[in-house]
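Each in structure tokens, the structures are laid out below.
One chain, subunit A, links the two complexes that follow: it is found with subunit B in the first and with subunit C in the second.
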Partner chain A sequence: MVRSRINGVLGLVTALLVMVGATFVFVVAPIEVEMREIQKVFYFHVGAAWSMFVAFTVTAAYGIVYLIRRNPRADAIAGASASVGWVYAAIVLLTGMLWARSAWNTWWNWEPRLTSMLVLWLMYAGYLLFRSTTRGDARRTYSSVFGIVAFVMVPIVYYSIRIWGSVLHPATKTKWNLDNRMYYGMLLGTLAMSAAYVLLTRLRADVDIAEQEVDALRQEQMFGEDAEG
Partner chain B sequence: MRATVAVLAVVAFACGVYGLLSVIPVGVNAQEVRDEIETVRAGSPDASLDEAVDQAVAYLTHEQSRRVRFLFMAYIVIWAALGAYVVSIARRQTRIEAEIARLKDGA
Partner chain C sequence: MEPQAMRAGRSGQFTRLVAKDLSLQWRNREALYVVGLFSLLVVLVFAFAYGPEFVPPGLGRAARHGELAKLGAAIFWSALAFGAVIALHRSGEADREFGAMGAIRLAGVSPTAIYFSRIVSIFIILTAIEAALLPAVIVFLQVESMTAMDVARMAGVAALGTCGVSTIGAFVSTMTASARGKESLLSVVLLPLVVPLLIAATKVSVDVFASRPISDWRWFSLLVAYPMLTAGVGLALFDSLLEE
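== the complex of A and B ==
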């Protein structure tokens, strides 16, 4: 009941942030001089990328928690976070491709950021595939290890431009020299995507836990029937 | 859960339509037109001012509609991906509720 109420509040906060963020981005933030209208993709593209990094960090952290405490809820949160992170990674890749087609006149370029990002997306696709095809303790233990190992790709994607260099992609910055309206647009876009991440992860984790309970109930019934037989 | 899905769907749709409609009538600015006229006249010095203006406006309008088209597609991708994910969670939850009810009936 309390969880459902928290989810409802989170849903409203997310909806509000999306609405205010989208209004700010499209109405208040100015059109950038070089890239023009297509630059407005970045407000939510960067927000999705940030939330994706957070999602994969949470997956690795809860993987460690599961390995130490063997708490199924930690595994459910790790899996849910990876699942939402993977969707966000797909959004980052697809919106990046659309931007690239408009700005570079090509859908794809094998430069370090795009290539490492694709590898990251494929690794977590493998993680989710593994989780969907296994059950029980083996799934929980091995997917925790998988989630921790796959996390190695996160800093590689983040620092790929600094490591290998690129004439196309700008290096990731922690300080932006932006017009105030653009800065607040970026902040709102990032907050909206982060709030959506928290909400979706909670909903997905609840479904995973309910599925685990159904599995347990099913096993209980099967063993009960065996005992009667 | 269903209320959250409905709120998110309505908000995503409203923001998408409102945002994209507001970005379309931006138009090109005067400096851009001047620069493009210079470019056209540098490329074909014999072109009259009217011809250069026509060519510059046609080019800039074409480029703008191209950028807006990609922007439109990018936001469709964002809302569609999030919407599809929410729907998939809702469907899984409905399936689990049915399964729980079935197991309880069977017990």
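== the complex of A and C ==
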């Protein structure tokens, strides 16, 4: 009951942030001189990238928690966070491709950030496939380990520009030299994406727990029938 | 009475496990030949698809050699990656059959010894495959101006790369052995994890195949650091893997 109320409030906050963020991005923020309308992609790109980094960090952190405490909820949160993070990673890649097409006249470029980002996306695709093909304690333990191992790639993506250098991407930074309205658009977009991440992860984790309970009941029923037969 | 494995000590356990893995592979060596032959076929397929014939004819000797070196390095590591998937699947399988891993654990063998023995046995098997692959790549891709020194350097680079594939492969094959559709799952789990290593290994190998000194030491650092990092993570987590 309390959980669904929290989810309701989170849903409202997310909806509000999405509306205010969208207004800032599409109405208040000025059209950028060089990139024109396509620059709007930037707000989604940055927001999704930030939430994706948070999501994969949460997956690794809850993986560690699961391995120490063996609490199924921790594993459900790790899995849910990875699935939402993976969707965000896809958004990062797709918006990046839109930007690339407009700025450099190509959909894809094998520069360090794009390459490492694609590898990261593939790793978590493997993680999600792995989760869907295993069951029970083996799934929880192995996917916790997998979530921690795959996290190795996250700093590589983050620092790829600094390590290998790129003429296309700016190095990831925390201080921006932007028009104020653009800056707030980016901030609100990121907040909206993060709120959506928290909400979706909570909902997905609840579904995961429910699925596990149904699985357990089904097994119980099967064994019960066997015993009677 | 204390189990024999407990008395053997870690190094004793480690040597016995490596010997066990290798003798299992040797007894079933036909399957190993299949992996070797498959890797060679990958080289041939790539050589047909974009082999020396596709290098522009007007290039000078040095430029042509440079182009062939790029192809050679790329094909060598691609063939090894595909071969490794099959080899790893087999080694993971052997430990699961008849609850062999459970029995090893019951004998009191330390997870560290199990993990390192798996790394070493996978390393030896992959090195055997590479020993067949390297001459094939040199001949079919016509990177013939490599000197004996270059081959020795390549052996060093291959050893580093194989070390990385083995450290990752050792726990990925243990992990996927319990999943449904494990053959295909192993490849989608393993390949993204080894891609950073393969990129680094290919970049460094291009210079070696082209008989040049290594031009970008950042790739070499990644080639050295990645196996150490994955071995560290693997070592910390392998115990949890064995509990299932």
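Note that in this section the second predicted complex is superposed on the first by the 229 of 229 C-alpha atoms of A that agree within 3 Å, B and C clash if a C-alpha of one lies under 4 Å from a C-alpha of the other, contacts with A are read in each partner's own complex, and residues count from 1 in each chain.
Criterion: a residue touches a chain if its C-beta (ideal position, glycine included) is under 8 Å from a C-beta of that chain, and two chains touch if they have at least 3 such contacts.
What you see is a predicted model; the values in this text were computed from it and never measured.
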Exercise for the section: Please work out whether A:41 is in contact with subunit B alone, subunit C alone, both, or neither, and reply first, second, both or neither. Expected result: first
Practice task
Pick one for A:6: touches subunit B only (first), subunit C only (second), both, or neither.
Solution key: neither
Practice task
Once the structures are superposed on A, label A:216 by its partner contacts, choosing first (subunit B), second (subunit C), both or neither.
Solution key: neither
Exercise for the section: Pick one for A:28: touches subunit B only (first), subunit C only (second), both, or neither. Expected result: neither
Exercise for the section: Report for A:123: first if it touches subunit B alone, second if subunit C alone, otherwise both or neither. Expected result: second
Exercise for the section: Compare subunit B and subunit C by how many residues of subunit A each one touches, and report the one with more. Expected result: B
Problem - Contacts of A:150 with subunit B and subunit C, given as first, second, both or neither - result: second
Fill in the blank from the handout: Seen from subunit B, its contact residues with subunit A in the complex are 1, 3-4, 7-8, 11-12, 14-16, 18-20, 22-23, 26, 63-64, 66-68, 70-71, 73-75, 77-78, 81-82, 85-86, 89, 92-93, 96, 99-100, 103, 106-107
Handout entry: Contact footprint of subunit B on subunit A as seen in their complex
Key = 4, 7-8, 11-12, 14-15, 18-19, 22-23, 25-27, 31, 36-38, 40-41, 44-45, 48, 84, 87, 90-91, 94-95, 98-99, 101-102, 196, 199-200, 203-204, 206-207, 210-211, 213-214, 217-218, 221
Handout entry: List of subunit C residues in touch with subunit A within their complex
Key = 171, 175-176, 178-181, 185, 188-189, 191-193, 195-196, 199, 218, 229-230, 233-234, 237, 240-241, 243-244
Problem - Touching residues (chain side subunit A, partner subunit C) in the complex - result: 67, 115-116, 119, 122-123, 125-127, 129-130, 133-134, 137-138, 141-142, 144-146, 148-150, 152-153, 156, 163-164
